[in-house]
Amino acid sequence: MSRVDGRTPEQLRPIGFQRKWLDHAEGSVLVEFGRTRVLVAASVTEGVPRWRKGSGEGWVTAEYSMLPRATHTRGDRESVKGRIGGRTHEISRLIGRSLRAVIDTKALGETTIHLDCDVLQADGGTRTAAITGAYVALADAVTWAREHKLTRKGANPLIGSVAAVSVGIIDGVPMLDLPYEEDVRAETDMNIVCTGDGRFVEVQGTAEKEPFDRALLNDLLDLGARGCAELTTLQRRALEG
Amino acid sequence: MSRVDGRTPEQLRPIGFQRKWLDHAEGSVLVEFGRTRVLVAASVTEGVPRWRKGSGEGWVTAEYSMLPRATHTRGDRESVKGRIGGRTHEISRLIGRSLRAVIDTKALGETTIHLDCDVLQADGGTRTAAITGAYVALADAVTWAREHKLTRKGANPLIGSVAAVSVGIIDGVPMLDLPYEEDVRAETDMNIVCTGDGRFVEVQGTAEKEPFDRALLNDLLDLGARGCAELTTLQRRALEG
Amino acid sequence: MSRVDGRTPEQLRPIGFQRKWLDHAEGSVLVEFGRTRVLVAASVTEGVPRWRKGSGEGWVTAEYSMLPRATHTRGDRESVKGRIGGRTHEISRLIGRSLRAVIDTKALGETTIHLDCDVLQADGGTRTAAITGAYVALADAVTWAREHKLTRKGANPLIGSVAAVSVGIIDGVPMLDLPYEEDVRAETDMNIVCTGDGRFVEVQGTAEKEPFDRALLNDLLDLGARGCAELTTLQRRALEG
Amino acid sequence: MSRVDGRTPEQLRPIGFQRKWLDHAEGSVLVEFGRTRVLVAASVTEGVPRWRKGSGEGWVTAEYSMLPRATHTRGDRESVKGRIGGRTHEISRLIGRSLRAVIDTKALGETTIHLDCDVLQADGGTRTAAITGAYVALADAVTWAREHKLTRKGANPLIGSVAAVSVGIIDGVPMLDLPYEEDVRAETDMNIVCTGDGRFVEVQGTAEKEPFDRALLNDLLDLGARGCAELTTLQRRALEG
Amino acid sequence: MSRVDGRTPEQLRPIGFQRKWLDHAEGSVLVEFGRTRVLVAASVTEGVPRWRKGSGEGWVTAEYSMLPRATHTRGDRESVKGRIGGRTHEISRLIGRSLRAVIDTKALGETTIHLDCDVLQADGGTRTAAITGAYVALADAVTWAREHKLTRKGANPLIGSVAAVSVGIIDGVPMLDLPYEEDVRAETDMNIVCTGDGRFVEVQGTAEKEPFDRALLNDLLDLGARGCAELTTLQRRALEG
Amino acid sequence: MSRVDGRTPEQLRPIGFQRKWLDHAEGSVLVEFGRTRVLVAASVTEGVPRWRKGSGEGWVTAEYSMLPRATHTRGDRESVKGRIGGRTHEISRLIGRSLRAVIDTKALGETTIHLDCDVLQADGGTRTAAITGAYVALADAVTWAREHKLTRKGANPLIGSVAAVSVGIIDGVPMLDLPYEEDVRAETDMNIVCTGDGRFVEVQGTAEKEPFDRALLNDLLDLGARGCAELTTLQRRALEG
């Protein structure tokens, strides 16, 4: 069973992390999952949103967006339309939740980290690439914040790592890390977010064409967990490099 | 291990379906999961959205909203704020996808069914109550559409049933159908959408406090599937009543 | 001269008040004028809008809205359109003004009461049903606020009662409390808001088809005042019940 | 009982109509009620809004707006705020309804007339000045449309005249045509719109401070009807001039 | 080479300034450049925008807008569309910058002056008429602010005068102060803003049809500077009048 | 007189063009002016906007935007704010006009080219980098359109080249291509857009601090024209490479 790009079903696309791609941001990375290219900027600011003031705890939040010509045909800008679409909202919230799973907000103190994930080119898996890249940018931003004494003294706000990957069923076969061409053909589509120690942060599975049974669900969960483990290794290397 | 309201961990709240609660809508139900009360109206209209015209296929879509005082403290209206929040968008999309899983859009023909799910009172599980109730309203609307010859002749657009329930882990124990008070305490929160024949349509699990391992995930999936099976029985009874 | 639903010209539709329909709101009522059904929630909050701070006076305000399928054919949601229509604005303002006529804002102290009037089903007279029901919810909310010491000590902020009804001219005959079917046929349409002691708070008459002379105007005012008096009796009973 | 500006209670302010104040518009007038100054432009366009196409009938509609510094202190622009306020909506709708009362839309044919009423300076009574001036601009626009064969042959779409004035109760005395200073002091505020033959098109009375009884209401209606009759005479003169 | 309206290429249209056209504004002018008519209101308010608080410096800002029927055919209101167009934004910013060039914000102290420039009738050159008129309204507003002790004691915030004019190339000939009819025919269009002592504040030239060479650019700059000098004289006279 | 980065006053920053940076777009470039980095995507689509249909002529338009963390401190997204700022509008319009100066819209036929200019990193001169880069992306897109027979047969829609650069006066000295640090210090700031044959398309000069005289203006124009000539050479090389 060979895939569009010659990979085996359980193989990731070529993954790249170009750290510190931006000069101003406290953390940044240009992450690539095959042809999918996401620029992540992590911005550290003192203080927290109003509803969190006085809590002594920090905040990590994300905004996801796609450039108009990231895709095969040009889409309208959300700034021009004057409103953010449901898909954008949904993915921004997912990225934020995923990253907060590895942050000790008490150790962060009243500091906010924004993760801006802008898709420069899209070829499937943009949300999982964004989460995986955002972790790398976040790690650099936390280091910067600690060096600049913006976090609680002594404590490390970063309490783990997080990575994400898509899995799907095509012609009955579970496959890892789908490019756009496979994504549109998949019967079921699932995004798995795991911590570096192999536990689940998010599991989102959708039957695009046909409801799936428990056995297939188990296969997808196994495949996704293995994919995240590989991405964890690559993230570690990037941060050591 | 007794719960806030005296239920066992694997017990549903009292479930109610008041069918045909509205006079104008082609299908409608006031669904109750304990104190959570959602009014669902199914509206049948000839024709489909522009991007689907000429396809010969129909469309089912949903809009979810909450009245300002559905909750403990009053929230601002989204119409007054001038924009729909991310959570509202996300849930509307989830309801739409879940219902489309049991619709044969070819059999529907170029007809649209809108499912308006308005939460009159919220006490946890509003999205799962909405999906479960929307199925009942949809079934009535499809019957109406068939009687009025708005669907493809001979074929039944309704190819199954769908129900949804929340499950969560509280103090390490998996529990079914969480009210608000339990929801805010849950370490992990999951929404399960199943068809009447026991297959999965959507699985959305989020580690609110602590990432979860595979064993707990399995327990949650089992518990949710059993809850959906019970709801399926109640839906069937309501539609026969 | 018999009407669509068999009433005489000066007869109200069956009127219903289901008090405390909601569990969270400080006052609430599901009010029915025939098939018109409006859910009113009264929310008490400490403090007043910015422009009123430090005045020592309270504030009562209303928001009116219609569910998309309250009507015969589905309307678009204002939250989805991103803007509130002129009709909605106009009615919200009318309800707020009407209720403030029976509130002593000094006695209320710096407390705000929001009246959310959501039309679940529309069959003419939604604004008059909303005002009439809102008074009942307001009375319960004021009682609650007094019990919780949120009003000025000793004084009762509720200084009267208020009710509203529509009147119109159909085929030259003045008629009370028009359902939708009569409303569209009326030559002149008037909404009358009166206090429990029979004085006028608002008089809004519009020649929909033909300008009206002073004699007809007098007849409409008389008929409306009598209708309000009847509604006052029904409100009193509901609040005693 | 003398007034702020020396008038008697039943006297209008100095009224002025500068017709054809604009070079491009098909009808226009700069109308003055004392220091209140409204520029009205009537624009004739072929065709009607979508919902009226094919009906053979025309449409007359109005938009009311206030320049930011029409008032004593500067207000924010609605274009900058990105939304139209309830008051603006309400007045625009009132003007449109009032003018349509003297238009035979069948005789107009499928032609639209927009009445733009922009308040250059506000000193009370802006909506009544707008209606009274809009009639003059409308009359000129209808003449233009007839000359350019944009109306149904033979028929005159203008079937009457319309004027409007405010009345109010100050210290128990009914007074005509209130400037801003009196308006804020009035216990009751009423706007009367009459046709040239003395019938009512709109009656909108609001108890700003104290509910009013039937006797006072009658006095206000009489006073307003007399004021409209005077304005009718002045409109006729302006159109002959 | 005679022009549409009989002027020579280097001649201004008839220029008019009606000072104090409004009763409430601290400064105001109805400025006319031929048939172009702009109403400018200058509003003085204590305090400055948030980002400038505590700086000890004042702020001058402008908002430009066009009435819907200022033009040959009616345009939609920006308040109705819910968003301000690019052209409006651009011109508002240009007017603000131009006026700030002759204001010593330190001498102004923490006071804000808003310049509202509303085009009542448009016939080309609305932005240059707005700037030229706004200077006159600003001068009156500064005088008012000084009399009311709202500026820094002793210092005069007004440190010069400013005027603006359009120039363009038509059939190869540089022409001054283009009306609409010439504007649409111009190959190149330039707006020049100069101080009363002949220096440049803004130079904005655009090749509408054909790129222009340095020689033509020089001619346009000379012509514009001379036009501004004439306008400076007329402004001075108006302010003395 | 040495500059922040060691350049002479009339020296450009290091300029880079990475053509075909995107896989999907018909033309694309990552353009760098020092640390300023703009990603330009040119999208070719059949057809033209509604107002141009049936004219036989094509259209070229641009949208400029900045990623939130392109700058030293994070800015809010315009899509989140729900409205596009004046500066964004202004620059988008400038880029569109500049590029249209070298396009023969008749030769283009009814085809549209969108130029999306997204600033990934900002260090002054983003609009001039965008124009200069957009020309390169446009040239590739036109080639693509001609190969795919989307332009008028035989004719070349690209009739010249266009480049842009900023110039400014710092401490009285005219300087070329200002980075952010110099930009904020400049007394006068000017953007020059020239065609490849040395004529002017746009000249926009603003006295940020001090009005400028004719002699300085001449120096700036000379310096800007020389800078554009250099950029023209670099563009040509990039397109040949």
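So that you can tell them apart, the chains are marked A, B, C, D, E and F in the order they are listed, and the count of residues begins at 1 in each.
Rule of thumb we're sticking to: a contact is a pair of C-beta atoms (placed from the backbone, for glycine too) under 8 Å apart; a residue touches a chain by one contact, two chains touch by 3 or more.
The chain list, named the UniProt way, goes like this: A, B, C, D, E, F = Ribonuclease PH.
Not measured: the values here are computed from a predicted model.
**Q** Can you tell me the least number of steps between chain C and chain E, where a step is a move to a chain it touches?
**A** 2
**Q** Can you check how far apart chain D and chain E are, centre to centre, with Cα atoms defining each centre and the answer in Å?
**A** Between these chains, centre-to-centre, one finds 33 Å.
**Q** Determine the centre-to-centre distance between chain B and chain E, using the mean Cα coordinates as centres, and give it in whole Å.
**A** Centre-to-centre distance between chain B and chain E: 59 Å.
**Q** Suppose each chain is reduced to the average of its Cα coordinates; what separation in Å results between chain A and chain E?
**A** 50
**Q** For chain C, which residues are shared contacts with two or more other chains?
**A** Each of 82-84 in chain C touches at least two other chains.
**Q** Please classify the inter-chain touch graph. Allowed labels: line, ring, star, complete, other.
**A** Contact map by chain: ring.
**Q** Mind sorting the chains in ring order for me, with chain D at the start and chain E directly after?
**A** Order of chains in the ring, chain D then chain E onward: D, E, F, A, B, C.
**Q** Where on chain C does chain B make contact in their complex?
**A** 22-25, 28, 35, 39, 41, 43, 45, 63, 65, 67-74, 77-80, 82-84, 88, 114, 116, 118, 120-121, 123
**Q** Which positions of chain C touch chain D when the two form their complex?
**A** Going through chain C, the ones touching chain D are 83-87, 89-90, 92-93, 97, 101, 160, 190, 194-195, 197-207, 211-214, 217, 221, 225.
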